[in-house]
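Across the two complexes that follow, chain A remains constant while its partner is chain B and subsequently chain C.
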Partner chain A sequence: MIVRRYLLLASAEFRRQSTYRLALAAGISANTVFGFIRFSVFYAALVGAGGTIAGYDRAQASTYVWLGQGLLAGIGLLGTHEVSERVQTGEIAIDLSRPIDLQLSYWARDFGRAALMIPARGLLPVIIGAVTTGLAFSSSLWAIPLGLISLALAVSISFLLRYGVNLISLWTIDVQGYTSLYMLLMSLLSGFYVPVHIFPGWLQVIATASPFPSMFQSPIDVMSGRVVGAAALRVVGVQLVWTIVLAAATRLMLWRGSSRLVVQGG
Partner chain B sequence: MLTMSDAIIELDELRRTFIVRARTGGLRRVAREVHAVDGISARIDAGEAVGYIGANGAGKSTTIKMLTGILVPSGGRVRTCGYEPVPQRRTLAREIGVVFGQRSQLWWDLPLRESFDILAAIHRLPAARARPRIEQLIEGLELQAFLSTPVRQLSLGERMRGEVAAALVHRPRLLILDEPTIGLDMISKERLRQFLITERAEEGTTLLLTTHDMSDIERLCERVLVVDHGKLAYDGTLRGLSRRVALQRVLVVDLAEPQPGLEVPSAVNVGTELNGARQSFSFAPDQTTAAMVLAEVSAVAEVRDLTLTEPAIEDIVRTLYHQSIES
Partner chain C sequence: MAELVSPPTTDLVTKRESYAILLASRLRAQMTYRSSFWINTVNSFFTGVLEFVETYVLLTNTPTLGGLNFAQASLVFGLANLGWSIADLIFGQTDTIPRYIREGKLEAFLIRPMPLLAQMITADFQLRRVGRAFLGLLIAVIVLFWVHLDFNAATIYLLITTPLYGAAIYGALFVLAGGLQFWIVDGSEFTNSFVYGGSYAGHLPGSALLLPLRVLFTFVFPVTATAYVPCLIMLGMDGPSWLPAWLGWLPPVFAGWTWLLAAVVWRRGVRHYTGAGG
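Our next item is the complex of A and B:
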């Protein structure tokens, strides 16, 4: 069974992450505190603008903020350095000495990580948001399955982007600069600071031409019911296209880069 | 009569060059070519046990990386288990087991046992075959006591036994051990060697071992390859190596009372220190034993403490190097 290996890798990562209980608790408190800060800022802007901005009212704004706070750890917004660190230390030799696809094995592991982080880091902030500032979910029955698909694709896109940035280490050992650039572009264009929908027109054009909204704004839009029906399907379709494009691009990167790989250390 | 299919490793004029850029003050940088592996040819047949030794930076690890397909050669040819390592890396990975002594292939945060189950799945072993094999390795390497301990809490000796088990779960045809005993105490080393001897007798696994410890080679390998500056300096039996290079050991004893230089029948006194309270005796391990030398010294003086030094690989390589210049 080929799938079984990837399931085992995912479940091992799930359990690995769950051993860091204190880090989980710290993450939940941080997400909650920042949730209140982000909502206050957004709400102040709403009041200043006369109650709504680009279709966001108080409930919609609260949903956007708290869903975002709940999902950011699960989607893996804060970046990963594992692959580039393993290239730097030469540990990558271990991964490459296994009869398994590098991209798929790290992808499976990231799903395992997300499967823990989404409930563990997500549930509490969303409940706190629902109790304090109120949430508005989609009334469509399709919102749940479509929301889950959208979320899985968002995790995949986030993974593939992080993995791609990490693979740059095959060409240049120090990827710090690229990681910083990625974090800057991603947090702005994904809709993490403010929703993509309230960007000025020119910035919206740039954002929608990039994969970043598909990893954060899209699942929130689908789950909160901001997009429904055909519009929701279209959003998920765009996510699917980005997943395929990025999967192909990172495979090409590894194929081109592995011939240059110099495994470090003795 | 051996056929080509019996070759597990074939190296033909294998080369690997690295470009090293060194800063020479200011903004200028000088690129220098380093020939880490500089035309090595060798053939290792199925079932052989070969020690691959050389000083640090001699080219051992570079060769191993090319053998396993994780480093592209600059020239020459390499075949491992009949495969081209780089293009067929993943197919080859099912035939070989590798332990990089300095790196772990175990799941750091999970109980040791889980690494074996995950690796069995990665190698697509059906549970019916994986389970008895894992049990066999647990017993052979005495892992039972710490199977449910997270790997990060294991001692070095325990972890290294776990690493060897992990490399053997899929019954590889070729086992490559890169410094497996580095940092281990005497008992852990001996336990690991004993297991490897049994394992090879039962499974017929080909073994390629790099080490800094000559006694690993003496216990495990029939054949030795010595690499120096990227070239093979010796390829032959350990006995042949000891004929060309004196693999002398030195027994250093601390005496209760300072003594003038002691003479014993089966060893040569090669130095006295601390006014004669510490004396060193050199002997050839194929002619006598450390116990015999110690008994002879004890017969004439009271011994308080002792250490036994192995021949250093660097010394062996240096001797071979000078011999090749003279000839």
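Our next item is the complex of A and C:
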């Protein structure tokens, strides 16, 4: 039962994350305050522009902001250093000698983390948003299963990108510069600060050529009903392509990189 | 017996010298890894740019944000950013208090004959944060040539003092947050809502905030006073409801209030702290 191993890893991570209750509450409260500020600015821009910007009206703007605040921790926008730290300490050698795939084991654990974080940190901000500034959800019944698929793919893309940045440590020990660069590009191009749809043309071209919108803007678009029917399927299709490309690329990175790995001591 | 009563031959370093020595050693250490230092400085600069992109993108979609056009909103951003980065440079280390508490490193600070806050500032002074202050200065200076200001004595006074009082207000919020950490160790993110949320709100036109937020971020955590309200006077504009332009003369009062709050909480926090032994 190979699948069972990964399910066990995922559930262990789920339980590990659920022990930090106070941190969870603190995170939710900070997310909520930021949500109100973000909605304020977006709404002020809508008022200045005369009601709508690129298809965003008050309800759509509110939905974009609150789904974003709810999902940011679950999707894992905040970055991880675990793999690169294990390369630095040499513990990665232990991981590589285990009878389990490195990429899949971390991927499974990240799913476990997301499975807790998405409801635990996501539900309350979305409810608060619905009560205070109003939400608009897709009226299509397909939006629920498709939204879940889109969310799972977004978590995967986010994981694979973070994992890839961590794997750079196989070539150069200090990856802090690369991590910061990734954080900069990601928070701008994923549509986290402002939706990709309202970017000026040149920035939109750069964003859509990158995997970043697929990890944040896409699930929000599908769940809020900004894209429906064939357009929604196309968005999820793009996410799937990025997942496959990034999964292959990080496997290649590990294969090339681990042949260079030298662990000191013994 | 004579040597026992004779004064020590080497003078003890004075308090001020000891701070200077500590800071100089921190700076020397950071300059040792020169390329790493520059990468981090450039990164800190671009983190500021990224935040500015939000204002920029919104204002490519609308002529005004909370009644301010792009140049005016940029002036608010630049002045707030300058104040914020000075505060972050000096007091940003208070963010690490939860880690010091968890790892039991705080005792080492507490037994030294120097105030805890002064040690926190000098313990890990990060010069790379200058990158961000440079961005705020750059934006503010560029915008000055572009936005139409009446350069009288009042404008010049406000231009010079706003970032300084801004730094004082943001600095007080850092210290207030640091003081609260002694109670909430694991819940350190609670304070992000007014430290980093406050910074976010302070960089925006105060008129763009929903009314409850506008009141919260003026009369409790007075971040609108770090740029927006003084800018109203410089631009000759009336403020939105609850935020009259004359409040722009009061940053010293707001700074005094936040420091009072910060000092009380910090002192009580440090007294509240009990080590975990070891």
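Criterion: the second predicted complex is superposed on the first by the 263 of 266 C-alpha atoms of A that agree within 3 Å, B and C clash if a C-alpha of one lies under 4 Å from a C-alpha of the other, contacts with A are read in each partner's own complex, and residues count from 1 in each chain.
What we mean here is this: a contact is a pair of C-beta atoms (placed from the backbone, for glycine too) under 8 Å apart; a residue touches a chain by one contact, two chains touch by 3 or more.
Quick caveat: nothing in here was measured; it's all calculated off a predicted structure.
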Let's test your reading of the overlay: on chain A, do chain B and chain C clash or fit side by side?
fit
Once the two structures are overlaid on A, work out the angle chain B-chain A-chain C from the Cα centres, in steps of 10 degrees.
90
Quick one: classify A:Arg5 as touching chain B (first), chain C (second), both or neither.
first
Compare chain B and chain C by how many residues of chain A each one touches, and report the one with more.
C
Where does A:Ala44 make contact in the superposed view: on chain B (first), on chain C (second), on both, or on neither?
second
In the superposed arrangement, which partner chain does A:Pro145 touch: chain B (first), chain C (second), both, or neither?
neither
Quick check on the superposed pair: does A:Ala23 touch chain B, chain C, both, or neither? Answer first, second, both or neither.
second
Which partner does A:Ala93 reach: the first (chain B), the second (chain C), both, or neither?
first
Once both structures are superposed, the least CA distance from chain B to chain C in Å comes to 10
Listed in rising order, chain B residues that touch chain A in their complex are 18, 56-57, 60-61, 65, 68-72, 86, 89-91, 93-94, 96, 98, 100, 102-105, 107-110, 114, 117-118, 121-124, 150
Note: in the complex, chain A contacts chain C through residues 20, 22-23, 25-27, 29-30, 32-34, 36-37, 39-46, 48-49, 53-54, 174, 176-177, 180-181, 184, 187-188, 193-194, 198-200, 203
Looking at the complex, which residues from chain A come into contact with chain B?
1-2, 4-5, 8-9, 12, 15-16, 19, 89-94, 96-101, 259, 261-263, 265-266
What does chain C use to touch chain A in their complex?
36, 39-40, 43, 46-47, 50-51, 53-54, 57-66, 184, 186-190, 192-194, 196-197, 200-201, 204-205, 207-210, 212-213
